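Below you'll find the structure I mean.
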Amino acid sequence: MDKFKVVMNLVQKRQTTLGLGLIPLLTAGAEHVFSTFAFKCPCSEWSFLYGTVSLLVPAAALLILGYMLSNKTWKLFTGLCLNKSKLFRFKSMCGCLCVFLQITMTAMVAPVSWIAIALLNGVYFECIITGSNVTHLKSYLCHGRSDSCQTELHKLPCDKTAADRDAILTTIRAQSQVVGWLVIASIMLSSLLLTCVARCHSPVSYLQLKFWKAYSQKESNFFDSYATEHAKKLAERNIKSFFEMRTPESQATPPRYAWEKIS
Amino acid sequence: MDKFKVVMNLVQKRQTTLGLGLIPLLTAGAEHVFSTFAFKCPCSEWSFLYGTVSLLVPAAALLILGYMLSNKTWKLFTGLCLNKSKLFRFKSMCGCLCVFLQITMTAMVAPVSWIAIALLNGVYFECIITGSNVTHLKSYLCHGRSDSCQTELHKLPCDKTAADRDAILTTIRAQSQVVGWLVIASIMLSSLLLTCVARCHSPVSYLQLKFWKAYSQKESNFFDSYATEHAKKLAERNIKSFFEMRTPESQATPPRYAWEKIS
Amino acid sequence: MDKFKVVMNLVQKRQTTLGLGLIPLLTAGAEHVFSTFAFKCPCSEWSFLYGTVSLLVPAAALLILGYMLSNKTWKLFTGLCLNKSKLFRFKSMCGCLCVFLQITMTAMVAPVSWIAIALLNGVYFECIITGSNVTHLKSYLCHGRSDSCQTELHKLPCDKTAADRDAILTTIRAQSQVVGWLVIASIMLSSLLLTCVARCHSPVSYLQLKFWKAYSQKESNFFDSYATEHAKKLAERNIKSFFEMRTPESQATPPRYAWEKIS
């Protein structure tokens, strides 16, 4: 039982890391299901558009979902428009950008996983390349093959009996995987560098940062519980005074300027 | 139950060793899955690039992941840039390099496993070698074989009916395994020598080192629990004073210079 | 339950012996997996190098691993370089060599098992012998057979239809097993003799040696628990004094020369 607690503690400590590690796995599963059951290259002039949309739009949807599910986004945007003075001060704008970059980095995990896994899979890229109308690309792929190759290129993913089918498709898949690995490596490298630079310019030391993180989490927890408690009291007082038709007892609620200050 | 505790104790003691032993196993599993399901040599002029990227880029990604998941990296980098005097003193720079080397050694476990297992497997190396354009290599592999061998070499991994296919491919796989074993042996030897030299120049004796390791682990544990406790108190005080609209009672928090000193 | 305790007790007493007995079994399993799935003789001029590397380099890697996992290695090496006087005294140098020999004997268990099991298996030896360029060996193996035997010898392990294949290969396997048994016997004999000589020159009697072994194990256990306890106290004191911003109470820790003396 004691050992179980240790494990739970470890899981709780590494929550963020585990959560961020779970997202790519879930995305990979979703991508696998989608590419197996739903994706089917039309092998016509729609191939390019279909492939591009299937590759990029789910990623965009995941990015938007990431923004919507992040508390930080709403903390940042709420009341920003009415607070013109705050918006146009240089320092706070810089801070806003920093926070926005942080949110973006977290929200990018799922869409980048989607694109990378889709590229490693290769079927989307296959459909995009064979359906594209760039003559240069076509002549490169059909270099040294039969004359009908260029005109029949967009039919390749469906036509299982075409000449040189395997040769062309495996080349396209190889390109797709190369692009996928490069995407993964470059995203990871840039996020490592960004975090390094951010940490490097941090005015506080490592342990103090750790303490402030613990503090802000606790503060958020306590705020939730105290706010619920306070709201409950206030609501009960108001409803009670309505049914008993008495003027409500005065109960102190912090004024608006105090709320603005703590946000 | 008592014996179970002994086993758990042993596991906890040897945590680092077991963890480092688990990483190669996980990497081997991932490598096996990838080489079985996703890797497919294109057998064209893309073979060389594809094989190289599939061999090296995942290793680079694993290295970056290793750096990102290491606490020591962030402990080293946090606030380093603002602390110019710290950076340019010779002694602390040397210490930084030492710590960085330590982190690198731990982070290298996964990528080296990936490369070594991929080389022992042989399919990546096969693809790289048959796709390379080095005439010297080609003439060496085709020494004493048919004339078409050199021009058809890059098609070997796909074309199952080619003459001399088995003879050439098994030779390439043998070379791959030889290179893989040499990589493993040289990495292990160099890490043994590095650790030996580092330990040899350690100013403290073995038992004292053991004591300091135990101390630093305990200190880190205590810091976590005390910091959480302190953060909890501070947060509760602040939130309470906000809802009750009173000025918060003063609660002592260590000043910044103290934090810098202990980091 | 009582019988179970007796068994557990026996296991605990014979821990070292059982551990040393488990290593060859694990090595044998690893060797079996490797020779079945990864080892494939190339049957070309690479055969000799491939076989030799596959036989010896894993053994070297296991030897290095054995050194790295041994506590005694680090106890011996820690701080050795800074302690020149210790290094150049004849007696302590002799002692160092003795300890190193002891560590080597323990670390040799896994690599010797690997080589012995690989030789008993025979496929590595087959590959090495048929790929070697020694004419004397070739003429011996082909004595009284067809003329093409010598030139085609390196193709034997792959070519299943060659004449005299079975006769030559079983001979080579028999030689391999003979060499394997001789390796096992000679290693066991030499380790027996070494231990005999070492014990023979021991200044203390058998029972006293047994007592000292028990003593040193208990000492090590007590050191671990007391050091952990001391580290815990020290860490708690320091962290507490940091958060309460008081100067820490003085707590006695043994000075460095005391640590050196007990190591």
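Per-chain numbering from 1; labels A, B and C assigned in written order.
We take it that a residue touches a chain if its C-beta (ideal position, glycine included) is under 8 Å from a C-beta of that chain, and two chains touch if they have at least 3 such contacts.
The model shown is predicted, which means the values in this text are computed figures rather than measured ones.
Here the chain-to-chain distance from chain A to chain C, counted in touching steps, is 2. For the pair chain B and chain C, the CA-based superposition corresponds to a rotation of 30 degrees in steps of 5.
At the interface between chain A and chain B, two copies of one sequence, fewer than half of the residue numbers in use appear on both sides, so the contact is built from largely different positions. Chain A and chain C, compared by their mean Cα positions, are separated by 49 Å.
Averaged C-alpha coordinates put the centre of chain A at 25 Å from the centre of chain B.
Looking at the complex, you find that chain A touches chain B at residues 3, 17, 120-121, 166-167, 170-171, 173-175, 177-178, 181-182, 184-185, 188-189, 191-192, 195-197, 199-211, 214-215, 217-219, 221-223, 226-227, 230, 252, 254, 258, 262. Residue ranges on chain B touching chain A, taken from their complex, read 8, 38, 40-44, 46-47, 49-50, 53-54, 57-58, 60-61, 64-65, 67-69, 74-75, 77-82, 158, 223-224, 227-228, 230-232, 234-236, 238-240, 242-245, 256, 259-260, 262-263.
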